Amino acid sequence: MSLPEPTQRPLTQHVDHNREAYNLAEYEAHGGYESVRKMLTELSPSAGLELLKASDLRGRGGAGFPTGMKWSFVPMQSEAERLANPMQKYIVANADEMEPGTFKDRVIMEGCPHLLVEGMIVGAAILQATTGYIFIRGEYIEAAEKLNRAISECREKGWLGKNILGSGWDFDLHVHTSAGRYICGEETALLNSLEGKRATPRAKPPFPQVSGLWGKPTIVNNVETLANIPNIINYGAEWFKGLSLTEDAGTKLYGVSGRVNKAGCWELPMGTTARELLEVHAGGMRDGYKLKTFLPGGGSTPLLLPEHLDTPMDYTHIGKIGSRMGTGTMIMIDDQVDFLGALKNLEHFFAQESCGFCTPCRDGLPWVEKTLDKIIRGKGTSADIEWLDRATVNLNMGFTFCAHAPGAMGPLESALKYFRAEFETRIKLHHSETV
Amino acid sequence: MAKLTVDDQDYDVADGNNLLHACLSIGLDLPYFCWHPCMGSVGACRQCAVKQYADENDERGRVVMACMTPASDGARISINDKQAKDFRAGVIELLMTNHPHDCPVCEEGGECHLQDMTEMSGHTTRTYDEQKRTHNNQYLGPLINHEMNRCISCYRCVRYYKDYAGGRDLDAMGAHHHVYFGRHTDGVLESPFAGNLVEVCPTGVFTDKTFSAHYSRKWDLQTSPSVCQHCAAGCNITPGERYGTLKRITNRYNADVNGYFLCDRGRFGYGFVNSDDRVTQPLARETINHADNTNSDTAIQCSTENSLTRLTQALKDPATIAIGSPRASLESNFALQSAVGESRFYRGIAPSEDTTINTLLKFQQSSCVNSASQRTIESCDAVLILGEDLTHTSPRTALSLRQTVRQRARELADEARIPFWQDAAVRELAQQEKSPLFIINTHKGDLDDIAENTYFNSPQKIARLGFAIAEQLRDKSGALSASLTPEEKEMCSTIVNALSQAKRPLIIAGASLLNEDVLNSALDVIKSLHINREEVIQAHLVVPEVNSIGLAMLTQSSAERSLSEALKQIESGAAKRLVVLENDLYQRVNPEKLDAALEKLDEIIVIDHVWHNGMAKADLIIPAASFAEGDGTVVSSEGRAQRFFATFPVNADNSSANDSWQWVNQALDNRWKNFDAIVNACAESNDLLAPIADLAPPADYRQHGLKVPRMSHRYSGRTALSANINVSEVKQPADPQTALGFTMEGSNVNAPGPLRNTAWAPGWNSNQSIHKFQDEVGGPLTGGSSGLCLFGSAESNELEFGVPSEQTSNADFSAIPFYHIFGSDELSNFAAPIAERSPQAYLALNPLDAAQLDLTQGDGATLRFENLQQVFSLTVVIRPELIRGLVGLPIGLGGLTRHLLEHSPLLEKNLAWQRVPSGRDQNVIATDQSIGLSEGLVP
Amino acid sequence: MTEIDTQLVAQLTEQETQEILKLASHYDYPQAASIEALKIVQHYRGWVSDESLQAIAKLIEMSAEELDSVATFYSLIFRSPVGNNVIMLCDGITCWMHGCEQLKNCLSEKLGIDYGETTPDNQFTLIPVTCQGACDRAPVALKNMKLHTELNESSVLALTTLESQNRLGGSK
């Protein structure tokens, strides 16, 4: 069938909460799996990869690493080599979505599971991967069921299995439901978890692209990242770049939560400003609440202030003002919330979710949490603020084994930067009370 | 070589290592926890942070973990950088938040890596005033204590226990700051290498339970360089003594042999030294006439002079013969041999073992074979084991084999350009890939889990398969190969392929099956490989006892000197008196035959240190020093001669024990002036033994005019130890025999390797200080390692091995030995914790044989032997892999000794047998409860 | 398998055994199915007892320690008994801002239990969970793994109605 006209909302065009998600026939009728056909009949793996690189797609899992570049490290076989003896390679969808405040991958998986499945098949075709896994958090039962249904439809129809479209290429896909732990979302910890082990991260190098799942080349990407690929293959790199308002290509699933009028998740051009997200799409703060600060993209991103609202939400711009776009799902913190309490809530989360492998994270985060608690209880001293300052150095990037603890330091460090007075007031309060 | 700049100083370091390894190798101090030279890096503790600079112009640098960063050529780093230092102090501060600070009551105190690193990192003030997390401790068996609150979560224990030693019953539990290292439930740690946890754990979580029972601080222990006496692997140990009690054994680093690790028999089997069964005074048999006209024999104390006189008379009598021992030192054996003359000195080992060891010894002299040390073993890439259950016959060697099979991982890592020290990454990469290891034996063993292929059959079939492999290696697909079953054929060609393709194949065999054909077939494989590859082949040939090889060398493998020959001399009446050296002959030969022979003698003199059956008939018992109180030389399976030195002096007040060789020497009117003199005499007497003269510096060796001290320089209360007896300071006992002193004067910092009793360096009180005394971390000791290999390749190999004919025996059953790391060794069984770990005596049967006798698992069977009166009543263990017609007997348990294997066993069901209720530990072969060892033996 | 092994594995139902073995066959190494195997048993029994854990370990060729090491790492594997109904309240930051602590107090008061506890009649267990990815509908809770959104003090109490047939401690 011919491709329908491209849309401005390639990720969510088929998502409609008022009806069941498309089954395979419906999805195909709307152009589903055309990218797979195109990949297997018209494009070589290297051409597919070039397209991906040209599209400037950046990972939507939080770090924004260029996807094409990441994929280019995967060792490739020639067609003849592959047909003779295919190298085991894996493609993994990171559907763990446990970053506090993040609820975007769920939208794709529940609203249009076939899009993710298509993204994985076409991605696998580019990488010549042999097996795929969707690593999904245990609580997403509905999404897992829908994905499983989509996968079995594909198996029946021949989009998955042996010799797909007569190409001589075999590929199968499995859903793996997790058993809980935020750290499973870290891509190397995820691999350990898939192998049935404790989800402690692995050292890099070697990178998973070279030695990943069971020591074989493996690509791990976020759900949203993978869901972008079918349309890039279908409509090309220029179209994809054209979707964006800024340099960072494509659309983005943005979300807003907190005490706003209409919390939600929307697909919008990359580079939409935080203000537009808050005021137009989320309907502004609820009456009586004023925005005090916000986390631009999940619990591990440094806080921003109302004055930052006009910054375009993309990797580059948010990076420049000292935070990270992360998952693009904003948590708005209003003026009436107990700010230190909210911070303690976050640090509690990170402390509990540490895998326990490296010292700064395992033993540092609980102390951070306890210190915040102490300050909140009015028992803090200036030594406690000093310790928090020290933590933001010693638990940060490069000092810990993985990015978990540094993630926890994002909000803390920015809180100490922007709201130091609040810490100090709590301590002074205590002192004036006791003196 | 790579150039490394540390804090503006240039150094040359070896290529390919990480920065931590490099820094420690050049003698710098850098704290660490999770890294271990044998286990590589995982980057968990974050303690080893340094600042790394990109190049000459980089001023800012970047903090990296030294253990995770390659020391590449031109690397520029700083240890003293403020940010790195602050971070390191911060890491210790974090580690200590949950640590109980219980050093005063902790067994690790004073030799604790955590204490050392805390000092080194400069964390001095505690600011954390929140609650600490606490854990429950587990019961881990009789050997090891568990005190989890001291844990700093470095993950070393599980990495050692699981990854290095192959254990499966210890793991990391839980997550975040609740991680817990222990078992699923309370219970005995199963690995026979669990004891190393005591040294691997950098703090006091895992400690030596036997040591706790009579604890002293490390600095209060008197120590000496010594060699483990419980098998022939030759592991180097450091025994520690205080108040005349041997308190513990720790590892003594030897790069070629045991490296950093011992087995649990060696570590915890020292109890015999302190045993109530020690003979401390000469005892003479007196016949007492009772009032009712009956007589009875009693052993009564006899003066030293008297016993010496009797010994002198005996040694002078031409009708005296002497029997030596594979568990006594070369010097003691040599002294006795010199005293009675070579022709009247006999080897004290079972006849079945005798010929096997002779063949083995001859073969080791040939030019086709190199006797592989444990370190060499770890570098081989294909292994064939014929007829050895190594975990139980040479435990430390088995631990090495677990590293050998990782050669494949090393290759894969090289291909993927991942340094081997990147431990987790290499394990992920290699997954279950291993270098080929083939095990051919009579029954399953504890290395099967890492074997590519295993094969179980009778000794005859094993030998035939071995010879078939040899035949195929020589491309002579002859009659033997044709006679194999399809399964055997496949096994045979897989093995031949693997051995041929390997860069460095290794053959392991030995004397354990007491079957010459099996050994010969292995030797033929080595010879064939040698012909095929035109190179020297690596082999490790296992013998049973600490000095089996030394004894064999001393007696030059002459058939006339076997124990059977000795018995003939006695039976014929040619011998009238017998002197037995450190040997329980009842373990060696048929007791009925021995009883009858001994009856004929006029006088029996036994020189030994613990009470055993062999003493019951002695007329005079002379107390010998144990290895802990004596000096001597022993020769390991590898052919490595090593010196052990007395840890503490025999206490003259309580004991007149003395080195066996000294008793003989005194009886000979001091033929040898001192220990060095007898060592030299022994070396001169025998070409094979010549190198032993150079094993260690002589007694007059001095450093700055002083001997090497056995006591630490912090040894407390030395001058007041006996103040309750006499207020004047007692003179320290002298040690005229060796270059070590029973003192704290002097220094062992620059001691030659063979005299190094313990390792200590400023700031390094734990065993980790050893890297201050290594050429390079993990390399040989500065000052020379201990030991010299006595196997030369003097002769070209002329040995020919006859292929055994396919025998048919009339007997229904034949007995084969099963060995147990806990239970099969005579001396370690004296240690209560080892006895607790030993299984109950049993007999193992194929299920079909058992069914035919109407026996099931746990039933009782009565075991007799053709031509023997002895009857055993044993519990039945079903072993499906055992071939029909074989009866597995646990050597050393319940009175089952090697000599029994020479007879045909007769079996029947024991209807009176009471089943042992099924016990808590289902995995142990026989349950270790309710029935004491002796109850298995029905008189 | 020896006598003892069979006894141990018999701790599991035929159904559980079959499901676990089928899953294990998907992988090169049966141990890779460890987490799923634990979840299967938890699905039928609500939690994973020592005996179940030992049986699963035997089945997929792991030691009890190796499996327990995995089981105790993950927060959705219950190694101690839970009630027939498991209520998991989200304590993620958005739900926290929307008053999840008050909701917890309501539940605690009604049920008489704190987090991590089970009612004496064994009907309810209360557990906190991390952000459920439904922040746009905060505050939320899972009851027997089913999501309930936009809770308030009255709707959260509705969660304490008994559900029949829900020993489902987790999804498979």
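To keep things simple, chains are lettered A, B and C as they appear, and every chain counts its residues starting from 1.
The rule we apply is simple: contacts are C-beta pairs under 8 Å (C-beta built on N, C-alpha and C of every residue); 3 or more make two chains touch, one makes a residue touch a chain.
Values in this document were obtained by computation on a predicted structure and should not be read as measured data.
Chain contact topology: the protein chains form a complete graph, every chain touching every other one. Taking the CA centroid of chain A as reference, the farthest chain centroid is that of B.
When the interfaces A-B and B-C are ranked by C-beta pairs in contact, the top one is A-B.
In this assembly, the C-alpha centroid of chain A lies 25 Å from the C-alpha centroid of chain C. Mean C-alpha position of chain A lies 54 Å from that of chain B.
Chain B and chain C have Cα centroids separated by 48 Å.
Listed for chain A are residues 181, 198, 214, 352-353, 355, each touching two or more other chains.
Multi-chain contact residues, meaning those touching two or more other chains, occur in chain B at positions 172, 174-175, 431. Shared contact sites, meaning residues of chain C that touch two or more other chains, fall at 29, 69, 73-75.
Here chain A touches chain C in the complex through residues 97-103, 105-106, 137-141, 144, 174, 176-182, 193-199, 214, 255-259, 263-265, 299, 329, 331, 333-334, 337, 341-342, 345-346, 348-349, 352-353, 355, going by the rule given at the top. Contact residues of chain B toward chain A in the complex are 42-47, 49, 62-64, 68, 86-87, 90-91, 94-95, 97-98, 127-128, 130, 152-153, 155, 172, 174-179, 412, 416, 418, 422, 424-425, 428-431. Interface residues of chain B facing chain C in the complex, by the touch rule stated above, are 168-175, 180, 183-185, 431-432, 857, 918, 922.
Listing the residues of chain A that touch chain B in their complex gives 181, 198, 202-203, 205-206, 210-211, 214-215, 351-360, 362-367, 370, 374, 383, 387, 390, 393-394, 398-401. Against chain A, in their complex, chain C makes its touches with residues 26-29, 31-36, 38-39, 69-70, 73-77, 91-94, 96-98, 129-138, 142, 145-147, 170-172.
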